[in-house]
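Shared between the two complexes below is chain A, which pairs with chain B and chain C, respectively.
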Partner chain A sequence: MKGEDLILFGLLFFSFFIGGWGWWLERKLTARFQYRVGPPWYQNFIDILKLFSKEQIIPSPANRVIFILSPIATLSSVILVTIILDRIIFLREGFLGDLFVILYLLIIPSLFIILGAFSSSNPLATVGGTREIKLMLAYEFVFILSLLIVIIKSGGVFSLEKILDKQMSTSYINSFSGIIGFLLALFYLQAKLGIVPFDVSEAEQEIMSGVFIEYGGPLLGFYRLARAFLYFSLPMLVIAFFMGKNLGWQIAYKYLIIILIISVIKNINPRLRVKDVLSLFWFFLFPLGIVGMFLSILGY
Partner chain B sequence: MGLREKILTKSLWVYHISAGSCNNCDIEILDCLTPRFDIERFGMQLIGSIRQADVLLVTGAMNKKSLGRLKILYEQAPKPCLVVAVGSCATSQHMFRPSYALEDALDKIIPVDLYIAGCPPKPEAIIAGIVKLINKVNKL
Partner chain C sequence: MSKKKIVPIGPYHPLQEEPEFFKLIVEGEKVNELEIEIGYNHRGIEKLSETKHWDQVTFLVERICGICSTSHPFAYVLAVEDLLGITPPPRANYIRMIIDELQRLHSHLLWLGLVGHFIGYNTVWMWAWKAREPILDIFELVSGNRNNYAMMKIGGVRRDIKDDDLLALKKVIKQLYGELKLFQKAIEDDPVIHKRTKDVGILSKEEAISFGAVGPTARASGVDIDVRRDDVYANYDKVNWSVVTLTDGDIYAKVIVRILEMFESCSIIEQCMERLPKGEIALEIIEIPQGEGIGRVEAPRGECFHYVRSDGTNRPVRHKIRAPSYVNVPTNLVSVPGYTISDAAIILAAVDPCYCCTERSVAFSKEGRKILRGEELIKLCQQKTFKLKESYDNR
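Right after this comes the complex of A and B.
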C-alpha cells in the first residue's frame, strides 16, 4: 500500500467520523429544540455497531439477490462520492467532469434504496418506494438547476476543482444567483437525506419506516453507514459549490452552519404530503431556479 | 459481560406491541419519550418495524385474537431480543383472569425478561425497570 492510499483511507475514516458526528449533532439539536437532553455523542456509531451484531432476517418472499445487494451498492457508491470529494476538497486533485461523476453517483443510493424496498415485497415498503421515486423526480431536477447555476457562474467549467479555484476571490453565495442556488441545494440536501419536511418515503407514523421496513441487522447497518457518509459528503458538496472561498479550518464552521440550518428546518416544519413536495419543487423551486439561471447569465 | 451485550444495552430499539390493552400503559410508554423523561438520552428509540427491534414492550392482557399475532411478531424479531411485560395485565392478566376471551398469560407463550407492574406503571417505574433489564443483560 502506497502512502497516497493511506492518506485516502485516513480521509475516508475521518469523513465517516465527521458524518456520524454531524448526524448526532442534528439529533442533539432536535432534542434541545424540544427541551430534551438528547443522545450522547457516540450514539450513531453504537447504533451501527449494534446493527452489525444482530441476526439478519431475509423475508421468504423477497428477491434475495437484490435484497442483499442493494444496501451494499448504496454504501459503495456513497463511499466513492466521499473519496472523490475528499480528494477535491482536501488534496485538490480533481479530474475533468468530476461534477457529472458525483451527480450520477449520488443518484445510485436512492435508486438502490427503491430497488431494495421493492424486492422485499412488503406492501408498506412498496408504498415507500413509490414515494421515494416521486421525491427523486422532484429533487434531482432542482439539484441539476443549482449545478447549472454554479457552472454558468464559473464560466462553463465542468470540474469541481476548477470551480473551487474560481472562488478564490469571492464565494458564489455572495451574489443573488448564488443565494438562489444555495437555497435550491439546501432543499436538495434536506430531501436527499430524507429529513423531516421531506421524509414521506420513510414516514414512521403512516408507513412505519417505509422503504427500510424489512431491513434489520447488518443490512440496515450498511444503510446507516451510507447515511453517515452522506451526512458528510452532501454538506461538503454544497460548501464546495457555494462557499468555496476559504476551505482551510473555515470549512468546520461552514459545515456546522449547514447542519444547524438543516435541523432548524426539520424542527419548524411538519411532514409535507407527496403532492405538496412535488408542487413545492416543481412550481416554486423550479421557476426560482430558472430565475437564478438567468440572473447568473446576466452576471448578478 | 461481553462487548456485544454492552453495545446492545447502549442502543435499545423498542418495538411496542399492544395486545389488547386499555391504552393507559401505551400512553405511559409514550410519556417516556417526552421532554420530562427523555429516554433517548440512553440511546433508546421507539421504532416502527419489528425487523429492527431489540426490545418488545408488550402491554395488555393477551386475548385470543392477539395471541397468534404476538407469536408471529416474536418470531419475526431478530434474535438477541428482549421481552418486557408492561402493566399488571401483561404480567398477571390482572382482573381479566376469569375472562372467556383470555387463554394463557404472556410468560406462558413467549419468554419474558422483565415484568413492570402497575396499572398503569408510572414512567419512572418503566425507566427503573429498563435499568434493571440493562443490569441483568450486562451480568449475563
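Right after this comes the complex of A and C.
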C-alpha cells in the first residue's frame, strides 16, 4: 500500500468520525432545545456497532438481490463522494468535471433507498418510496440550480478544486446570488438528510420510518454508516461551494454553523406534507434560484 | 400509483400507543375509505365490577384509563350518590372539582404534546410535557401518586388537600398561565402549523350531532354541550366559567378549543381554592339500599357516563360504563376520507382517542374474527332464547 493510499484511508476514517460526531451534535442540540439531556458523544458509533452485531432478517416476499444490494450500493457511492471531497478539500487534488461526478454519486443513495424500499414489498415502504421519489424531483432540481450559481460565479469552471481557488480572495456567500445559492443548498441538505421538516419519506408517526421499515441489523447498519458519511460530506460540499475562503482550521467553525442551522430549522418546524414540500421547492425555491442565477450572471 | 391498496395503522403502530386498527384504503397518498377495528384490549370491567363490593369498584374503575383516572371514579361515585340520594359535604365537592380540573389540565397538555409529535414537531411535544410535569407533582403531593390518585370515595373524598399543598398548587397554576399563553401564541402565529392543521379533518356540526360526538371534539364543531353546565354536578354552578365552542370543526379548532379550556380550568381551580370551606370531607355510608342511579361527568374527552343498580347487597348487580371515546372515535369515518395519509395520522389523533375505555367484545368463530353489530347481537340473543324455549318444549 502506497503512502498516498494510507493518507486517503486516514482521511476517510476522519470523515466518518466527524460525520458521526456532527450527527451526534445535531441530536444533542435537538435534545437541549427540548429540555432533554441527549445522548453521549459516542452514541451514533455504538448504535452502528450494535446494528452490525444483530441477526439479519430478510422478509420472505422481498426481492433478495435488490434488498441486499441497495444498502451496499448506497454506502459505496457515499464513500466515493467522501473520498473525492477529501481529496479536493484537504489535498487539493481535483480533476476536470469532478462536480458532475459528485452530483451523480449523490443521486445514487436516494435511488437505491427507493429501490430497496420497493423491493421489500411492504405497503408502508412503498408509500415511503413514492414520497422519496417526489422529494427527489423537488430537491435535486434546486441543488442543480445552486450548483449553476456557483459555476456561473466562478466563470464557467467545472472543477471543485478550481472553484476553491477562485474563492481565495472572497467567499461566494458574500454576494446576493451567493446567499441565495447557499440558502438553496441548505434546503437541499435538509431534504437529502431527511431531517424535519422534510422527513416525509421516513415519517415515523405516519408510515413508521417508511423506506427503512423492513431493514434491520447489518443492512440498516450500512444505511446508518452512509448517513454518518453524508453528515460529513454534504456540509463540506456546501462549505466548498459558498464558503471556500480560508479552508484551514476555519473549516471547523463553518461546519459547526451549518450543523447549528439545520438543527434550528429541525426544531422550529413540524413535518410538511409531500404536497407542501413540492410547492415550497417548485414555486418558491425554484423561482428564487432563477433570480439568483440572473443575479450571478449580472455579477452580484 | 392509481392501484388501490391498504395502509394499516395498527394494531401496533408508533402513532398510537394502544392497540387499535385503522385500515386506510388509499389511492396514492389520498385516503378514500377508513375502516375502524377495535377490541384488542377488552378487559370486561363491567362484569368484573359485579364481583367487587361498592368501595372496591371505585379503585377498579380508576384503572379503566390512566389519563382520565379521576373521571371514571367521579362518575361512579356520583351514580352511587344518586342512588343513595345524598350530597357530599361542600369541602369534598370543591376538592373533587380541583382534582377533576387538574386532571383536565394534564390530559389536555398531554394531548397537545402528542399532536406536536404526530405532525413531527417534537419540540412542542417535549415543551408541553414539561409544562405538564408540575401538575403531576401536585398530584403526588396531594395523593402520593402521579396518575391513579384514588381521591374519590362514595360520600366524599378519601383525603384532604393540605394548606401547604394549596400554596404549591397556587404557584403551579400561576406558572401554568404563562406557559399556556406561550403555547397559544406559538400555535396562533406559526404558519407551518396552520398549514398542517387548518381545513384538515373537518367535522361539520350536523355530522358531529349525528355521530353523537361529545366533549372538545363536538365543541370544536360548534355543538354547545358540556355536562358541567348542562347537568350540574359538584359545585360547577357556584363558580364563574364558560363553555368554549368554535365552529370550524378542523384540527386547528380542536387544538384551540382545548387550549382555551385549559385557561377555564385554571380559573375554576383558582376560584375553588378561594371558596374552599373548612369542614368534613366525607359522609359515612353504612349500606347501599336497593335502587339505581346514574352519574355523568365531563371527562377531558367528553361525557363519561356510569349507571349502577343495587339489589341491597354489598355489590352492584349491574354497572354500565360509556366512555367518551366510544362515540368520538367513529367520527373519523367522515373526517378522514378525502385527506392524505399525513393528514390521517393527525386527524385520527385529534379526537384524543382512548381505546382502553372504548373496547367492546368481539366474537370469534371457526370462520374467523367478526365484529357484531347491535342488531346481530339482538338476533343472537333471540336465537338463544328460542333454543332455550325449544329445549323446555321438548322436555
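In this section, the second predicted complex is superposed on the first by the 300 of 300 C-alpha atoms of A that agree within 3 Å, B and C clash if a C-alpha of one lies under 4 Å from a C-alpha of the other, contacts with A are read in each partner's own complex, and residues count from 1 in each chain.
Throughout what follows, contacts are C-beta pairs under 8 Å (C-beta built on N, C-alpha and C of every residue); 3 or more make two chains touch, one makes a residue touch a chain.
Source: prediction; values computed, not measured.
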Touched partner set for A:Q34, first chain B, second chain C, both or neither: both
Which of chain B and chain C A:P123 touches, first, second, both or neither: second
Partner chain(s) touched by A:L285 [first = chain B, second = chain C, both, neither]: neither
First (chain B), second (chain C), both or neither touched by A:L85: neither
First (chain B), second (chain C), both or neither touched by A:G216: first
First, second, both or neither for A:S53, with chain B first and chain C second: first
Touched partner set for A:I195, first chain B, second chain C, both or neither: neither
Chain B versus chain C as contact partner of A:L75, first or second or both or neither: neither
Contacts of A:A185 with chain B and chain C, given as first, second, both or neither: neither
On chain A, positions contacted by chain B and by chain C: 34-36, 204-205, 208
Complex contacts: residues of chain A adjacent to chain B: 27, 31, 34-40, 43, 46-47, 49-51, 53-57, 204-205, 208-209, 212-217, 220
Interfacial residue positions of chain B with respect to chain A in the complex: 4, 7-8, 10-11, 35, 38, 40-41, 43, 47-49, 51-54, 76, 78-80
Residue ranges of chain C in contact with chain A within the complex: 1, 5-8, 13-15, 26, 28-29, 116-127, 130, 192-193, 195-196, 340-345
Residue numbers on chain A that touch chain C, as the complex places them: 30, 33-36, 123-124, 126-127, 130-131, 196-197, 199-200, 203-208, 267-276
